[in-house]
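Each of the two complexes below includes subunit A, the first together with subunit B, the second together with subunit C.
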Partner chain A sequence: MAAGPYSDETLWTADITRLVIRVMEDVNLTFDTLSGDTHALNFLSAAVIQVLSSGKETFASAAPRVLETIGMEESDCPKGLIKDTILQLDEAGLVIPARGGE
Partner chain B sequence: MEHFRRLGDVPYPELAQSLKDGCLEMSLGPFSKRLKANNSQVTEFLQDAYRDVPVRTKLGDITDVAVTIKSPSWFRQYVRRQVVADPGFIVPAVPLPVRLSALSFEMGLNLAVALKCCRLVSFHAAVVGNEKGAIFISAHSGGGKSTLASALMVEGYRLFSDEFGLLDMSNSLLVPYPRPVSLKGDSINIVRDFTGADWLTPVLSDTPKGDIAYRRARPSDIEEADKKLSSKLIVFPVFTKGARPVAKELAKSEALMRLIPSSTNYHLLGQGGFEALTAMVAGARSYEIQYGNTDDSMKIVKDLAAGVGL
Partner chain C sequence: MQKKNDQSGTFLNRRRQLLKLGAAGMPMVLTLRASAAQAVISQLTCVITLPGSLKILVDDTGAAWVGDGSLETGTTKGKGKGKGKGKGKGKGSEGWTLESINAFKENADFVFDEGSVPSEFRPDECEEVEECSSGGGDDDGDDDDELLAHLVDENGSYALNDFLAGSGDDDDGSCHGHGGGGDDDDSSHGHDQGVVDCGYACYEYSSGSTITPGDFVNGSGFNYTGDEGVFLALAVSHSESAGLNSSFPGVSCVISVLNFVGQ
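Showing the complex of A and B:
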């Protein structure tokens, strides 16, 4: 799941400037210029990266912003799914915990 | 400076001496190669499988790759003779009996191109094309890409490449590299039946990959090796003996993610490789085809090709 230890208070961030994103059909093909890896991201993952690249967020604070970005209600996209998505993106190296909870 | 000549026009003694001296320069597609071998089997294989390829017997320029076929040790020059391909850098290479020198040469040349090519995105694929565009065939070894490429050649498509799909990063066009088509096992007889025996080299038996023969590129394939094309159709053939023929269209993202693991250098090329691959996939339709015999795969691919205007 996650690449390292985390808690509900962990702040997460993303650096979208290192990503090259090409939308193909409904998939965000994302090239990470730092790792050289290519990822096929769905709309939720892409929205999480977009939100975390504009500010550091916990799971709880990221959720409403992600829902606003994708235009969905929590009933359609539970907070647990957003948390799982952040952890999967952490494992892929596309989001990282902000140092020292800054 | 010596001009390039058709390899088949070079007298055997001159060719053998040039190879022995490590001075044979071969120009094919995007690569020039310096070849060295003191080995009559390599000389005879080149005269047969590469007879229409331009060469010069005295080095006239710096080459992209250099391949030497040599004995793995002094001892193996004389006792149970073996050869190994030296692509000019350290890489594990299996010594083969001297009777398989042609296979050693082909493997060595594949290795040199796959690992030293940094100007083009290189994929393990076969590519054929006509004036309207190219068909990119991506399959694991044994997936039938060489048989399918050979069959499409009979239908009038020109051979771009068998082991390599080469993508130009500057314009996302596929680059021809018409080396002989490598045929294994049952595909040798299948291809011999529809091309005629004249187009195939003698069979190398009991190699580590089973029986192998090579289908020579036609002179027209070699003459047009500077004409690049965009990919219009990408197919991922899956051979299952006796299977009913089925074609399933793939999402572009899935096609792209399938192609990445088949590249030998994608991870070395960075953003340029990503951009070129994305553009190639965006401009083509992609299908996985399952089939049980060559006739079925041909019918499917011809239908799909017609559907994209090829």
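Showing the complex of A and C:
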């Protein structure tokens, strides 16, 4: 994991000011000006970035906001998938733990 | 960021299927990274394709002339002295005519100074004066007096300076000196009957030939080998002096490789 130790209480955030995003159908091509990498985000990972960029969230607190953003129910998008997506974004350097290691 | 567009059943079903794949382990994020490995490959795999046939004429000082002119072959009457490298020219009494060599030099597209060509690609120097014939003869029994007599002009003065400098205007088959190195003067090389059989080597490349500089890279830079090594050595030399503005074929490719190896 790129960001090191984390827990369920870890707060996550995203800085979209450094991202250049172009929406192509249901794919968000995201260029990270900090790393120079380009990422292809699907609607879920893009929604996670959007939610975390507006405030610090834990896995649990982020889930309902993400579901609201994508307009789907937990039966369609389990919380575990949202958590996995946050961790994948962490590995890609697109989200950061606001308070890590608890 | 999130599109608030089509919320039709088909659209949602597509998204649900995608989420199922995500739950099954499919990544939700794909990173398109310009990896170091890819950069290495792109820098090293460029290929030089020669737009036309090309000759590189190299002399024993490491100077070179690059062009597409022709070199006419001829035969000397004197002893063969050359040990030229390259395409087998310069051996025995077979050589190139002085006239064609001069024409090639004059019409060369690129000229490189002495030392530009690595020593392993240079021909051996021509041998000594005594092997030259006077007046086109083959009387190699000249003694010093005869040699001096040859150097005395019609006014009775010594033409020794001309001899040493290789003035090059006596193309009647007489002996030419060896002292004119560095002035691109043909007379710095031994020749007989207007034919030069030593001191030059020629490397030829046909139109469309491809050279991959990356194949010649070792840990410290280029390892010049084979006929292609001559071309590469000159391309590197030209890139150092002219950079990307150089019109020498393949310079941009060579610079790419040089950048990779950090030179």
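Assume the second predicted complex is superposed on the first by the 95 of 102 C-alpha atoms of A that agree within 3 Å, B and C clash if a C-alpha of one lies under 4 Å from a C-alpha of the other, contacts with A are read in each partner's own complex, and residues count from 1 in each chain.
In this section, contacts are C-beta pairs under 8 Å (C-beta built on N, C-alpha and C of every residue); 3 or more make two chains touch, one makes a residue touch a chain.
A quick note: this is a predicted structure, and the numbers were derived from the prediction, not measured.
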Item checked: Clash or fit, subunit B versus subunit C on superposed subunit A -> clash
Margin query: One more residue to check, A:G36. First (subunit B), second (subunit C), both or neither?
Written below: both
Next item on the list: For A:M24, select first, second, both or neither according to whether it touches subunit B, subunit C, the two together, or no partner.
Entry: first
Item checked: Partner chain(s) touched by A:P5 [first = subunit B, second = subunit C, both, neither] -> neither
Margin query: After superposing on the shared chain, does subunit C or subunit B touch more subunit A residues?
Written below: C
Notebook entry, point to check: In the superposed model, where does subunit C crash into subunit B, at 2-10, 20-28, 74-82 or 254-262?
Noted result: 254-262
Note to self: Quick check on my understanding: which residues of subunit A belong to both its subunit B contact set and its subunit C contact set?
What the structure shows: 36-38, 40
Item checked: Complex contact set, residues of subunit A against subunit B -> 20, 22, 24-25, 27, 29, 31, 33, 36-38, 40
Checklist line | Residues of subunit A defined as touching subunit C within the complex | finding: 16, 21, 23, 26, 28, 36-47, 49-50, 69-72, 76-78, 80-81, 84-85, 88-89, 91-92, 94
Note to self: So in the complex, the part of subunit C that touches subunit A is made up of which residues?
What the structure shows: 1-3, 7, 12, 14-16, 18-19, 22-23, 27-34
Notebook entry, point to check: Tell me, which parts of subunit B touch subunit A in their complex?
Noted result: 251-254, 256-257, 260, 267, 270-271, 274-275, 278, 281-282
